[in-house]
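Data block below; observations after.
Chain nomenclature is as follows: A, B, C, D, E and F, assigned in order of appearance, with residue numbering initiated at 1 for each chain independently.
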Amino acid sequence: MTPISRYPVPELADLPSDIREKILAVQEKAGFVPNVFLTLAHRPDEFRAFFAYHDALMEKDGGITKAEREMIVVTTSGANQCQYCVVAHGAILRIRAKNPRIADQVAVNHRKAEITPRQRAMLDFAMKIATESHLVEDADFAALKAQGFADEDIWDIGAIAAFFALSNRMANMIAMRPNDEFYLMGRLPKS
Amino acid sequence: MTPISRYPVPELADLPSDIREKILAVQEKAGFVPNVFLTLAHRPDEFRAFFAYHDALMEKDGGITKAEREMIVVTTSGANQCQYCVVAHGAILRIRAKNPRIADQVAVNHRKAEITPRQRAMLDFAMKIATESHLVEDADFAALKAQGFADEDIWDIGAIAAFFALSNRMANMIAMRPNDEFYLMGRLPKS
Amino acid sequence: MTPISRYPVPELADLPSDIREKILAVQEKAGFVPNVFLTLAHRPDEFRAFFAYHDALMEKDGGITKAEREMIVVTTSGANQCQYCVVAHGAILRIRAKNPRIADQVAVNHRKAEITPRQRAMLDFAMKIATESHLVEDADFAALKAQGFADEDIWDIGAIAAFFALSNRMANMIAMRPNDEFYLMGRLPKS
Amino acid sequence: MTPISRYPVPELADLPSDIREKILAVQEKAGFVPNVFLTLAHRPDEFRAFFAYHDALMEKDGGITKAEREMIVVTTSGANQCQYCVVAHGAILRIRAKNPRIADQVAVNHRKAEITPRQRAMLDFAMKIATESHLVEDADFAALKAQGFADEDIWDIGAIAAFFALSNRMANMIAMRPNDEFYLMGRLPKS
Amino acid sequence: MTPISRYPVPELADLPSDIREKILAVQEKAGFVPNVFLTLAHRPDEFRAFFAYHDALMEKDGGITKAEREMIVVTTSGANQCQYCVVAHGAILRIRAKNPRIADQVAVNHRKAEITPRQRAMLDFAMKIATESHLVEDADFAALKAQGFADEDIWDIGAIAAFFALSNRMANMIAMRPNDEFYLMGRLPKS
Amino acid sequence: MTPISRYPVPELADLPSDIREKILAVQEKAGFVPNVFLTLAHRPDEFRAFFAYHDALMEKDGGITKAEREMIVVTTSGANQCQYCVVAHGAILRIRAKNPRIADQVAVNHRKAEITPRQRAMLDFAMKIATESHLVEDADFAALKAQGFADEDIWDIGAIAAFFALSNRMANMIAMRPNDEFYLMGRLPKS
């Protein structure tokens, strides 16, 4: 079977305790360890910075819901052709949005997804940051404010797209493989 | 709810009998009517030509299996950002390949999918036809023959990519919506 | 001399009778057999579907004249760098439009061609379908309606561009060579 | 009728005598005045430099024939979507190559044109200069030398592509219209 | 004068002490506070993660020198059209490489810079990560190993390109202005 | 050390006297001979046309200042990744604009440079000519006129961008090396 990374994957027992504990906590909650934790643990300092950054952007609500944050991730990761991020964050998006179709839709073409005009504006801006950030102008901020986004919301949108520009490139470089569990998550109705 | 097409969708009862019968046969087999049949029935003559072409390319085996034909469809439809084709043919691919992960993988980046080197060469050529067919040269044929493909196989690969260049554009133009049923098909183990 | 296709070209005598008759009818009318008929006859079922589709889109008038339909073909085939389609349909366009310059103009850059604003809008939409159909939105339909196009006209424009997305890719794949006759057709004043 | 330039076109009588004489000489030889002479005469100093440069590159033979020089012009002008240069130099190419098909072929896709492998290498390099000159490397020179081109031939190829990068942009900016005469030139056999 | 960010810039006195101390330390060393510190301090948690990540990648030697790390930053930031990163890291690169020309060269076109073949391979890979990471394959790793890079060096190269994919997008989004000091740094010989 | 051109560089003594005198005059004024003079002197006729064209466009004032003309050169040469032109004309721009930062800014991203809205419109048009001149339309002229540009100013802007499309390609082809002197010019305050 394809390895989960082009690089060696450390044993849990060999990891610094803070990283091991973070991984065990994720495993406790999700029932398995997403490969991004194991593969990036190859470099503990970078691991710590990566997840600190990730959590600062993704684990909060506010003007943008957690589901919408995942929507940004899946949309821009589709544009960057990052298999790990589309599959793994697609699962989280389905769960957070309680919508089994939305991830497949935005991964292919967010312009055709079942989203609100406000979300459409959000994703248009995220895609501009992801693919041509040098063209961002005041008019882009004005378009988002017309949809009710505050300045801090706009920073969130852009920063998430920027963080996953990093994340997608790391996953593509090391050929990070998505866990099999992700493919089905959030697709079945809760019984 | 979003309509399934920007154009009027005919009632089954109003359709010419050959088209109605084809649609009923599909419904019998699949348990529902995929929206491509209903939306394209808006133009009966084009409908007939479309499905005659489709079936000539997709409903046969030979050097390329039916699962591999669907793999070509999902890969190139991902590149063309066609939501309907990725979702609907993704379902068929999962079923034909008996692999619940393969469609999501090739839709995002076929270079990272769990496929054989022969399938990789097949998809590379399909993508060249889909996105830059003016660059096709003898060397492309040589690369496929080195993987054991016959000339007629190569025609199949290219013709499928070419046919879905048409199909993707029609679906994008009329904003064809994938049936909800497709999203889950082929993802659960047969009980 | 370069062959007219990378694939074997069948003898007329060996073809199914319906295909042979269609080819003889074209020869009767045009004075020669355009290579697209001979080269695609390599696959009779695909041949039948191809020309049924082609004729359903091209052999009618309505909101869009036959000359305008050819204009769409030449413009989008230029973008796809399809030599056969630019040369062969360029000839038909010159004849149908009774204009010896128009084909060369739109093949290079339709924005500089001697066309009406209505035709400009038509070709802009055709080019969007040909090259970035995933971006089509309601605003594109509104722009065409503002020029007087009906919904069915818009389907025609988009479907022709979509059909030649297929056709161009087939011609590029098999290296279809334009007949020498096409180059001069429609360039001389009728005496 | 569309004007031949977005800018005022001077009267022959108002032009400096050296420019007027050059134009009259061209008219004498060709039977008409190509619009590039009239439209660029709007700026006499630039006119003089433009044609001095043009003649230094195009009016000589050597490792590259005059017909081949025109082939470079038509190929790269096609890529730059310059209507004037494709139509006008297409005419000259047909005449110099004594081939009524070659111009239409290279304007669309030089890879499918009836040319020699040596000419193919020449046009590949010209296209690299035209569209991505920042990628030129020693390997490009080696590929041309392998086809028998001398260093000075390579300069000629690249300089012609570079000069028409300028010329195409000027023609596109001022919307230079090709003379009607060009469309038919070189298409009929000499009687 | 243009502000240094589209977002409010906190006063040093209002910042958490760890951030204020980091900033004061930089000021002590550099003689001024680079705007990236002030502008990103708008979000303390993201600031901490950003600089932890940055320092983990940039403040070490090994198979890749500190100067080479900056070379990666300037090259990829040029491709991303990030003014802050090209100007600020251009200064650091000049100082670390003790070469007043290298930054301007790689920012424009690293293929023409005064670098070694090994550095050329390093920058080619960094550019692939920056602009088309979905195409990375085993062959890219082989090319770098042929130049003597170890697996961990390759991670460094790719991770730096990935981190600045994030950094460039943040700077472009908030319109981060480079400090005037950077423009001249490293350009004059040490006296 | 890297040579200044892929082609032989003539000795001053071997050059035609008009070219030698022009070069000596430049040396007298600048204190050194910019490599563009030495490298292009390899072809005297092209040299004469090149500099006649250059001087006709760059050595005049009018609606566009000499500094603004250099701004066009540096901006479009950045887009074309021409190292010689960015470095050499960057120096001239700094001197003519009496601004040590402006060249580095526009070379990377003119949208973020410290320029006026009028200069922004000028550079937007120059970039359109440089990279997609086939899309130029009347609306582009209207936008410039709204900023107060006269028709002749617009010709200047476009012609400068067109001329450097040629110049950048020549420099890229022959690998023209910028003189070391350029890197520091215009960066230090006049004492």
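Note that a contact is a pair of C-beta atoms (placed from the backbone, for glycine too) under 8 Å apart; a residue touches a chain by one contact, two chains touch by 3 or more.
All figures in this text were calculated on a predicted structure; none of them were measured in a lab.
The interface of C-D is repeated, with over half of its contact pairs matching by residue number, by E-F among A-F, E-F or A-C. Judged by shared residue numbers over all numbers used at their interface, chain E and chain F contact each other through mostly the same positions, with over half in common. Averaged C-alpha coordinates give centres for chain A and chain E that are 24 Å from one another. Spacing of chain D relative to chain E, judged by their CA centroids, is 44 angstrom. Per-chain Cα centroids separate chain C from chain E by 51 Å.
Along chain C, residues 81-82, 109, 112, 134, 172, 175 each make contact with two or more other chains. Chain contacts here follow an irregular pattern that is not a line, a ring, a star or a complete set. Within the complex formed with chain C, the residues of chain A that make contact are 109, 111-112.
Remark: chain C residues 6-7, 42-43, 45-46, 48-50, 52-53, 56-57, 80-82, 129-130, 133-134, 136, 141, 151, 155, 158-159, 161-163, 165-170, 172-175 touch chain B in the complex. Per the touch definition, chain B reaches chain D in the complex via residues 134-135, 137.
Listing the residues of chain F that touch chain E in their complex gives 2, 78, 81-83, 86-87, 90, 100-101, 104-105, 107-109, 112-114, 172, 175, 178, 180, 183-184, 187-188.
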